[in-house]
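In what follows, a single structure is set out as C-alpha cells and then discussed.
By written order: A, B, C and D. Residues from 1 in each chain.
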Amino acid sequence: METDASFKVALSDVVVANRILALEGVLDAFGHCSVRDPRNPNRYLMSRSLAPALVTADDIVQHDLDNNAMSHPGQKLYYERWIHGEIYKSRPDVNAIVHSHSPTVVPFASTKAPLRPLLHNAAFLGFGTPVFEIRNFIPDSDLMISSAALGKALAEALGPTAQVVLLRGHGNVVVGPTMEIAVYRAYYTEINARQQMNAMTIGPNDVVYMNPGECTTTDKIMQASAERPWNLWKRKVQREMRRAAAEDAI
Amino acid sequence: METDASFKVALSDVVVANRILALEGVLDAFGHCSVRDPRNPNRYLMSRSLAPALVTADDIVQHDLDNNAMSHPGQKLYYERWIHGEIYKSRPDVNAIVHSHSPTVVPFASTKAPLRPLLHNAAFLGFGTPVFEIRNFIPDSDLMISSAALGKALAEALGPTAQVVLLRGHGNVVVGPTMEIAVYRAYYTEINARQQMNAMTIGPNDVVYMNPGECTTTDKIMQASAERPWNLWKRKVQREMRRAAAEDAI
Amino acid sequence: METDASFKVALSDVVVANRILALEGVLDAFGHCSVRDPRNPNRYLMSRSLAPALVTADDIVQHDLDNNAMSHPGQKLYYERWIHGEIYKSRPDVNAIVHSHSPTVVPFASTKAPLRPLLHNAAFLGFGTPVFEIRNFIPDSDLMISSAALGKALAEALGPTAQVVLLRGHGNVVVGPTMEIAVYRAYYTEINARQQMNAMTIGPNDVVYMNPGECTTTDKIMQASAERPWNLWKRKVQREMRRAAAEDAI
Amino acid sequence: METDASFKVALSDVVVANRILALEGVLDAFGHCSVRDPRNPNRYLMSRSLAPALVTADDIVQHDLDNNAMSHPGQKLYYERWIHGEIYKSRPDVNAIVHSHSPTVVPFASTKAPLRPLLHNAAFLGFGTPVFEIRNFIPDSDLMISSAALGKALAEALGPTAQVVLLRGHGNVVVGPTMEIAVYRAYYTEINARQQMNAMTIGPNDVVYMNPGECTTTDKIMQASAERPWNLWKRKVQREMRRAAAEDAI
C-alpha cells in the first residue's frame, strides 16, 4: 500500500536526519527533527524527548498539530514541540523542520549582524533570516518555545517565505519541503555562518553576498542537489550505527 | 545499604566526569573533577594525581576538607587539590567541582573582556564570572593553587553565588549541586566562550546577553536537563573504554 | 604496455585524489578532481556525478575536451564539468584539476581581501589568485560553471600562469602538472587561507607575505616534495577504504 | 649495559615524539624531531627523510653535528637537518629539538605580533620568541634551512636562553633538555598561540601576559610535569600503531 510505504520512508528519514545532524555537529544533546506525516497532513512525526544521537524508529511519536502525542501514550515529549505544530499549521509548503543550537548560528542570533547568503549552497538564506526575540513576548523567560502562544509567535516571525528563523540566545529553526532539504539547509546554515564570520574578519566592509535573483535561481538547483550529501551522510550514519551496535554487543 | 549505593554512584560519577570532559576537549592531560562524599559532607572523592582520561574507580581517593588523603596511603595527590577542600568548606550548596584549562575560557581569564551568558545552556554564568588574579596574593608564582591560603582566596573570589571562577593565565573552576550539573556547566562554559568570542567578532558593539531574570529562570530548567547530555556522553565514554580495553588486549 | 600502465596509475590517482580531499575536509559532498588522460591529451578522466568520498575506479569516465562522455554511456555527468575541458584546452601545462568549496577559501572569494602566499607550502599562490565574478557574465545565475561559455571565461580568468582561481560565493579551482601536485596545492590553499586569516587578525597592518622571488624558488622545491604528503594521505585513504569495506561486510 | 639502555629509550622516545606530534596536529607530513645521542653528545638521532606519522625505530639515523649520516648509508636525509646540528653545537643544555609548521604559530612568525606567554603551560615562551627572517641572509630563498650557514644563523637567532625560535613564513623550532619536554613545549606553543590569538580578538588592548618572574617559577614546575601528557599521548600513539598494524594485516 502506497501510504504505508511513504510512512516507512518518512519514519526512516526522521531517524536518519537526527543522526546526520548529530554526527555533523549541528545538533548536540538537544534539538529535534520532524517530518509531516505523509498519510495525514495534520500530523507530524518526531522522536519522544531524547538526545538526537540516540533516536531510533521505535522512538518516533505521531503528534497532532496541537503537539499532542497520537501514539506512544505516556512518553515524555519534547519541551519545545510547539515549534513544530505551529509552523506546520501556518506553512503548508513545509514538510520537515529542524530545531538546533547550531554553534556558529547562535552568535548571529545574538547580535545585530544579519546572517546573509554568502555561499551558493546557502542560497535559501536569501528568503529571510529573521531573529525571534522572546523578550518581546515574555520577560525573564527561559528562552525556550514552551507554549502554543510562543510557537505561534515564532511561526509569525518565520513568516510566509523564510526558510530559517534565528532564536536569540538559543538557536535556530530551519524548514523545507522534504526532510532531505531541511537537513541540507540546517547543515549549510552553519557552514554559511562560519564563512560569513570569516569574511567579516578579513574584509569587514566589502563582503559580497548573493543578490535576490541569484538566491532564487540557486535555491532551485540546490534543492535538486540535496540528495547527494544526504546519501553520503546516510552511509556514514548507517556505518556508525552498525559500529555502535557491534561494540555494544561485545 | 543506602549509603553504600550512593557512594558507588558517586564513585562511578567522578570517573565518568573525568572521561567525558577529556573526550569533549574541556580537560587535557591536566585538571580534575571531584564530588562530595555522599556518606560524609566533610570528605570528597577525587582521583590521585593522574591524567583525567586515565582515571578509573581504583584511583579515586577520599580526601578530607584539608585535602589530606583518607584512603590510598602513599599515593601522589593533585598539586592543586586545595581548590576543592576550600570550596567545599565555604559552599555547602556545592557537591561537585571541575577544574580545567578549558581552551577558550583562558582568553577570557587573561583579558578585561568579561565572560557573559550568551547561550541559554550557560545561564549559570549570570550568577557571576569573577577572575582570580594570583598576583594580588603572590608575586612571581607558578599561577597554581598550591596551598590552603590560595585555595581560600580562590573560594573567596568565587563568593557565595557564582558557579564559575576564572584563573588568570591558567583556567577555571566550575561548581554544581551534582556531578552531572558541574560537568554540564564545565562543557557549556567552553561553548559559551566560543560563541561569545564569535559574537564579539561579528558585532562587537551590539551583543545581546541574557539578563538576570532570564538567567535565573533558565538555570532552573537547565539543571533539570543536565541528565540528557550526561547520559549521551556516558554512552560514548563507555564505548571508548570498551574499545580501549579490547585494543589493549590484542 | 606503457600506455596502459600510465592509464592505470592515472585512474588510481584520480580516485585517491577524491578520497584524500574528502578525508581532509577540502571537498564536501560536492566538487571534483580530474586528470588528463596520459594516453591522449585531448581526453581527461573524472568521475561520473558522485560525492567525492564515494568515487571508485569503476566510476571514472573518460571525457573529451568538450566535456562529453567517451565511456560509460548514459551516466549522469558533473554539472560543472565545463571547468575541466576549458582549462585543459587553454593550459597545456596543466594535467590535473581540483574544484572544491574549500571552506576557508570561500571568504577570500567573497571579499576584496586577496589570498596571498604566507606559508612556504603555498608558494604557488604567488603566481596569482584571481577571483572570478560570474555576475560580470550572467545576472541572477546559480553561481555555477554550467556551460562551455562560462568554462571559457573561467579559464581566461585563471590566465596563463596562475595555479588557482577563486569563484565568488562558491569555491575555487586549483591546477597542477600532476594529480599529486594539484592535490597538494588544493590542500595548502586551504591551510594558507586559514593562516592568512589568523595573521590578519593578530597583525592586520603588518603581515609579511612571500615575495615573487621566494615564490618561484619555493614552488620548485615544493613540487618535488608533493609526493610525501600524497603517500601519507594515500595510506590513510586505503585504511579508510578497507575499514569501510570490512564494516559494510558485517 | 647502561649506555645501551639509554640508547634504546632515546630511540623509542624520538619515534614516539614524531607520532605524538603528528596525531596532535602539530606536525603535518613535514617537520622532524631529534634527540641527542645519550652515548655521545656529538651525535644526534633523527629519522631519515620521512613523514613523521610513518617513522619507526628502523628509520632512525645517527647524525654527527655536521649533519652527516653515521648509520644507514645511502638513505635520504631531511633537507633541513642543519637546524639540528647547529643548535646541538651551540646549546649544550639542549638534548631534543622539534621542527614543525605548527599551524597557529605561523601567523605569529609572519606578523609583528610577538608570541607571548599567556597560558601557564607555555611559561617557557617568556625566555624569548625571536623570529628568524631568512631574507636578511638570502634573497629569494625557499625559506628553508638548507645549509650549515643558515643553520648557524638560526642557532644564533635562538640565542643562549630562548626555547623557541619562529621562522617567518615557515614554522618554528622548539628545544628542551629532554624529548618529553621538547614535545610538551611544541604542543603548548601551538595552544598558547591559539589562546593568544583569541585573547587579542576579545580584548586587543588589555591582554595580561605572564611576567618574567612567573615564567621562571612556572617553567620549573612544568618541566617536572611534562611526563604526564607524554604518558597519555604515548598510550594513544601505541593504540594507533596497533590499530594500523591490525588493519594493514587484514
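List of remarks:
By our rule, a residue touches a chain if its C-beta (ideal position, glycine included) is under 8 Å from a C-beta of that chain, and two chains touch if they have at least 3 such contacts.
Everything numeric in this text was worked out from a predicted model, so none of it was measured.
Hopping across touching chains, the smallest step count from chain B to chain D is 1. Homomeric contact chain C/chain D: same residue numbering on both sides for under half of the interface positions.
When the CA atoms of chain A are superposed on chain B, the rotation angle comes to 90 degrees (nearest 5).
Taking the mean Cα position of each chain as its centre, A sits at the greatest distance from chain D.
Centroids built from CA atoms put chain D at 32 Å from chain C. Centre-to-centre separation between chain B and chain C, using Cα means, comes to 45 Å. Annotation for chain C: residues touching 2 or more other chains are 196, 201. If the chains shown are joined wherever they touch, the resulting network closes on itself as one ring, and no chain has more or fewer than two partners. By the contact rule set out at the top, the touching chain pairs are A-B, A-C, B-D, C-D. By the touch rule above, chain D contacts chain C in their complex via residues 28-30, 50-51, 53-54, 79, 101, 103-104, 106-108, 110-113, 135, 139-144, 168-170, 196-197, 200-201, 244, 247-248, 250. Chain contact summary for the complex, chain C toward chain D: residues 118-121, 123, 191, 194-196, 198-199, 201-203, 206-211, 213-214, 216-218, 220-221, 225, 228-229, 231-233, 235, 239, 242-243, 246.
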